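This is the structure I have questions about; it appears just below.
Per-chain residue numbering starts at 1, and chain names A, B, C, D and E are given in the order in which the chains are listed.
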Amino acid sequence: MDWGFWLPQIMLFSSLIPALVIFLLRDEQFWLRTSLNLGGSAVKLVLAGIMAWGVLAEGRTYEASLPFLHNQELVLRVEPLSLMLVGLSSVLWFITTIYAIGYLENSPNRTRFFGFFSLCVTATIGIALAGNLITFLIFYEMLSVVTYPLVVHRGTPAALAAGRTYLLYTLGGGVLLLLGIIWLQVLAGPVSFEPGGTIDFLLDDHRTELTVIFGLLIAGLGVKAAIVPLHRWLPEAMIAPAPVSALLHAVAVVKAGAYGIVRVVYDVYGLELSNQLNVLLPLALFAGFTIIYGSVRALGEFDLKRRLAYSTVSQVSYIALGTALLGPAATVGATVHLIHQGIMKITLFFCAGVFAEARHIHDIREMSGVGRSMPLTMSAFTLGAFGMIGVPPLAGFVSKWYLGIGSLESNAPWVIVILVASSVMNAAYFLPIVYKGWFGEPHEEIDVVEAERFQVAEAPWSLLGPALATAGISLLAGLLAAWAYSPLSLAEIVANQRMISP
Amino acid sequence: MSEFLIYALVAAALFAICLHGIITRRHILRKILALNMMGSAVFLLLITIAERNQVDGVADPVPHAMVLTGIVVAVSATAFALALARRYHAQTGHTELHDEDGST
Amino acid sequence: MENRDPIPDSGPIVRVLSIILGLALFGILATAVLELDVEATGLTDTVMERIGESGVDHPPTAVLLNFRAYDTWLEVAVLLLAAWGALVLRQATRLPEQPAARSPGPVLDWLVRMLIPLAIVTGVYLLWRGTDAPGGAFQAGGVIGAALLLLRLSGYRSIGLFSAAWLRGSLLAGFAGFMAIATLLFITGWTFLEYPPAWAGLIIVIVELLITWSVAVSFVALFVAARPDDSASGPVGGER
Amino acid sequence: MSLAGIWVILIPLICGLAAFAVGGRSARVIGLIGAGLTFLLSGLLVLHVWQSGVWIYQLGGWDVPLGISLRADGLSAFLIGMTGAVGLGISLYAVRYFEDEDEALTPDPSPDPSAPLRTGAGRGGTEVWLPGTSYWPLWMLLWASLNVLFLSNDIFNLYVGLELLTLASVALIILQREQAAIVAGLRYLLAAFLGSMAYLLGVALIYADAGVLDLGLLADAELTGTATQVAGGLMAVGLLLKAALFPLHFWLPAAHSSAPAPVSAALSALVVKGAFYLLIRLWFEVFESAGTVSVEQMIGALGAVAIVVGSFQAIRQARLKLMIAYSTVAQVGYLFIMIPLAGSFGDPEASWRFEAWTGGLYHALSHGFAKASMFLAAGVLLSALGHDRVWHLAGSASRFPVIYLSFGIAGMSLMGLPPSAGFVGKWLMLRSAVESGQWWWVVILLVGGLLTAGYVAIVLSQAIQHDVEEHTEPHPVPKLMTVMVFALAAMSLLLGLRAAEPLELLEIGAPFQTLMSMVED
Amino acid sequence: MTIDLLFDSILALTLAWLCWRVLSAPDLFKAVVLFIAFGLLMALAWVRLNAPDIALAEAAIGAGLTGALMLDAAGQMTGRSFPYFRKPEPAEQEVDHGEP
């Protein structure tokens, strides 16, 4: 059996098949559904491990190409960059599944939820493994579609309105992306992802077209990456259940956009071409503006999830910003942030979900003193928040550090200003929460009632465990950054691959 | 001006008149009459062509066969349309086509 | 006059536009017709060359029932479908009998008694002649159908006597018979719709006979089924 | 296997007639056998064309131009295959659908079940009439007439095929004799009749000009005379009327929405394609040298208007079946965007023409499966809830999850979102539009997708909406119906994942032979 | 030859005029009768055009049968039965029920 061919496909099917089976189940079939979910995630996790080992230790590439159109194949390829997103989604999916099972048991329409949930991971894995533009597009659009039912899951008018906004933005973005890809392929033939890019030969004859196409591609991807002014759907989508928000923000949707930008800049256009077209400065400016704008808006929000959402808007653009800077260190910073931001943000959302479930806390002003009765949750939250601010030795610090170096390398000191300003604002919107949570006056009456519900722990372990796990991972990612299999090492490999040509 | 042209031109004229009738007349029966005569116009043209194609006094039999087929097809469609129209009239009393919601 | 169309026709704008459209169409068609060659032979020669192989002598019949038998076969299906559609409309599996037969009067009665056999003889004659001279299944079917209709309209029991199975069988006969012959020959190795040369004439006559009967019954069925209130006994099955 | 082309016409006819002759409840069994066999034979025909190339058959052993020939190239096989698969799905659905309907119509069992049930007075008694028993023979005939149409290679025989198709369709529309269906059926019949007459006049003119009726001979003749051009125009207008391209679509919404669900599905998914197929055949094979850029652009423009108007009308509709019917109007518009793209705009030797041609046909394929699934889904909802009002579907998603899942998948295919067959079609057409520099069609194709998303999302969001009203328990829906709705939707998805083979099939015997080599690289 | 042509021309013009009258005659019954005349004259034209068997079919089916169907339908729709097709009383009353 040719594992190089089958592994990437099995990777997809490990969540696709559970998804399809789950759709056939009834809501009451808890155990079957749960074992399918967990089994699929576990298989995926193991496969991700095997592939990581193969790629990193043995230097293999896994590739599967399937006939699709006349001259066009669907390509699934595992190499270091795809491994980053694959690894992130496999790990976080496993954890989120556990969390979601705890969060949604007893609520209606679980079958539908978990079915689409698994489809969502399938799409994300597909995006990660895509080896050419059309494969990427297919899974990118699939992601748009399968997340819609998750966003509107609650079925309330607010959820439906959010869903409408979400569809409008993502489908609109998809149209731009589709147009860009088709145009590019008409000029260049089938475009696959190769470090350094493959379309240099078009520069002489099609300079303007290439610039416009770059704009289309980035605009299409920028919708999911929530780059201002295309970000509006993200805060609205907060209406979705906590596990959905967690995955939308940390792994699936926004990451798909950011990952796509990385792919387009490094693997389609390539460094040299991007430089010569002068398209990166505008991207950097947009990203920089988004970072500041998101932080400012986060300061003004008092709903916990909305504040986190604007924080996401801001943080994801670090990736775009680092990509646009093009230096080796900036590349490392951008790609490693892909992972670090995911881990940290999911921690925060898990905690927000725990607060909401266990204490009905949605507004940060109600969080006063919550750390006394929920020390574990509050600790996880604190770790996540400090990571976001960039406190050493947490994961966030690593990415910011590399970004900072990268900006110096690329002679763009204004980026440092943005980084610092953003960090200050991160601190301004996270620290008060942390402070009040630990040291504020608790609302006694809630504690008494709620404490009786969960006699053993401060919250159900299925909710608390995942939050603690991701918090731990974000700590480890920072502490063990030098380890050969840490996200940072992986990011360095990725950056090295792409820095050879210039 | 030959026999061929006279009949071919009148076939063209009949077709055009019938089209006008179908568009402007609103009574279902008139529409069906117009459609049926439109068929006759086409058949006339075909028979004219058959006559033109004659060799040694034998007219081209292929258009003849086409017309014979066409007549049966036309009468089938006409009769079915009439049956529908009469059913519709018996149900609603209308003699022109109305939609319930009044659209188009 | 109560017989005038109660409905006004389309307004002046539509009328004017339609006239313009009609004139334009006429102009275009006239141009096309005038551009046609005045001398041409079409397929006349081709047919005449091979008519000897068809089993009949009359060219249109040869085309209709042999060279282009496929058309004719499908055309019978169209007629069958129309009759059938009319039956669906009645939701009936058989046709109602003419309600309460009334005497058509002595003169008419005599006329009918004379006309019916005459029509049937004419029909059979037309059918028979069709192999070598003008005439054929459809003309014959039309005449015989008219006779059946006359019978019915003058108050005699006719097609209403047909049981459901008889009616269905009569409607189907032409198409199904044609198909059965063609399919049997096809299964035994002939090209579809090809007749063994020796049998061609006979097959064509059989097919024509079946088609004649189906055409006649279909026409009557179409006429009778079209009348939504023909039966005084009220709505038929399923409508209650 | 080489004779599958004959059997694919004969078998549905034989079974249809048998079902008609036998009547009663056994009609269903015969119909189902017919559907299964026809499906298999369609598959065999596709396989035959795939392996041995274009299949040509001289009926009666008479060579053209004397006789009539049947011809199955890639395009015919493609559409026959689609008809076979969609037809089988519809048939299996109809088994249970009409079982339900018939049971509702059957009167209480009479004391003596063996006695024939007589109604009315006197001798005029009839057997009990059930829509289901009439459905099967008519549906088999409809199916056969589609195959006749796809296989025939003779322009007059195609006329007979078109009439057969029309009459079978109308008879099916009025199956339940509702007033709305009768007026819709009548309007449809008259419109189709008019279309046929225009087509037949075209046939007459072509015969006058060329002296032959065979498509192959006509294509070789490369006719350019005035008569041929006029004939082309007449045939095109007639077929556009039957294919319901804006503004000739006036008959479609009522006809397609008032029929019983399996019939609506067949009409929208298959019957419209019949006229479309014929138009494409004629346009790119017979009248290829007679077409002009301005006419092509105009047809494309009508298609564009159809997309916009049809979609907006669909968004406005309060009834689900009407919404789906208007969606067909819009989707037909999509199909006709192919004409200017594959037409004579720009370089006549450019490969984009072939791309657009395959893209349009692939879109037709995807629409076939997706629209059938949608209408069948609407039928399930209608029989379960007793209504199909879009604004009263709240909460039904949790009771019919598979139905809405299928509806969503089918909607994806209509939008052209990957991965779906609709995406493949849209991709190819978009490529062609970009390549040829016809940017206006790019915009239309993209905007059309978003508009489609509009009405699909309305239905889905209504269904997902939290249930506020108290509902009576829905009428139970047979599982088989739900399964078929899903199977058809799934096909529209799967055909988007592996399009290479169907696309290759289309190349067999296609026009643009010279251009195909260019697409390969 | 010229007499033939004259006859053909007159026949052709009559056909066109009849066609117009069928569509515009105010009385529906009259229109249907004119339609039958149209069919018969058409058959005559086809005899002139060397197609006697088709003329036969047109006379029997096109003019005769279609004409009868049309007359019957016109009777129902105008609420006044053509004398020959008059039906017994109860049925006829039902015909009128839907007239607006």
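Some points to look at:
Here, contacts are C-beta pairs under 8 Å (C-beta built on N, C-alpha and C of every residue); 3 or more make two chains touch, one makes a residue touch a chain.
If you're wondering where the values come from, they're calculated on a predicted model, not measured in any experiment.
Any chain touching chain A that also touches chain D would appear here, but none does. Comparing per-chain C-alpha centres with the mean over every protein C-alpha atom, the closest match is chain D.
Distance between Cα centroids is largest for the pairing of chain C with A. Chain centres were defined as the mean of their Cα atoms; on that basis the chain farthest from chain D turns out to be A.
One finds 72 Å separating the Cα centroids of chain A and chain C.
Averaged C-alpha coordinates put the centre of chain C at 17 Å from the centre of chain E. Rounded to a whole number, the gap between the C-alpha centres of chain A and chain E is 77 angstrom.
One inter-chain figure worth recording: chain B and chain E are separated by 12 Å, centre to centre, where each centre is the mean of the chain's CA atoms. Taken residue by residue, chain C touches two or more other chains at 5-6, 29, 33, 36, 40-43, 47, 60, 68, 71, 75, 78, 81-82, 85, 89, 136, 138, 219, 222-223, 226-229, 231, whereas all remaining positions touch fewer. For chain A, the set of residues touching two or more other chains is empty. Looking at chain B, one finds that residues 2, 9, 13, 15, 17, 20, 25, 27-28, 30, 32, 41, 45, 49-50, 52-54, 59, 62-64, 66, 68-69, 71-73, 75-77, 79-80, 82, 84-87, 89-92, 95 touch two or more other chains.
Listed by label, the pairs of touching chains are A-D, B-C, B-D, B-E, C-D, C-E. Contact residues of chain C toward chain E in the complex are 1-6, 58, 60, 99-100, 102, 126, 130, 133-136, 138-139, 142-143, 145-146, 149, 153, 219, 222-223, 226-232.
Chain D makes touch with chain C in their complex at residues 6, 10, 13-14, 17, 20-21, 23, 57-62, 65-68, 105, 107, 117, 119-124, 126-130, 134, 137-138, 141, 145, 148, 156-157, 160-161, 163-164, 167-168, 170-171, 174-175, 177, 182, 201, 205, 207-209, 211-212, 225-227, 229-231, 233.
Interface residues of chain B, counted against chain E in their complex, comprise 1-3, 6-7, 9-10, 13-14, 17-18, 20-21, 25, 27-30, 32-34, 36-37, 40-41, 43-44, 47-48, 50-51, 54, 57, 59, 64, 67-68, 71-72, 74-75, 78-79, 82, 85-86, 89-95. Chain B contributes residues 2, 4-5, 8-9, 11-13, 15-17, 19-20, 23-27, 30, 45, 49-50, 52-55, 58-66, 68-69, 71-73, 75-77, 79-80, 82-84, 86-87, 89-90, 95-96 to its touches with chain C in the complex. Interface residues of chain C facing chain D in the complex, by the touch rule stated above, are 28-29, 31-33, 35-37, 40-43, 46-47, 50, 66-71, 74-75, 77-78, 81-82, 84-85, 88-89, 91-94, 96-97, 160, 164, 168-169, 172, 175-176, 179, 183, 186, 190-195, 231, 233-238, 240.
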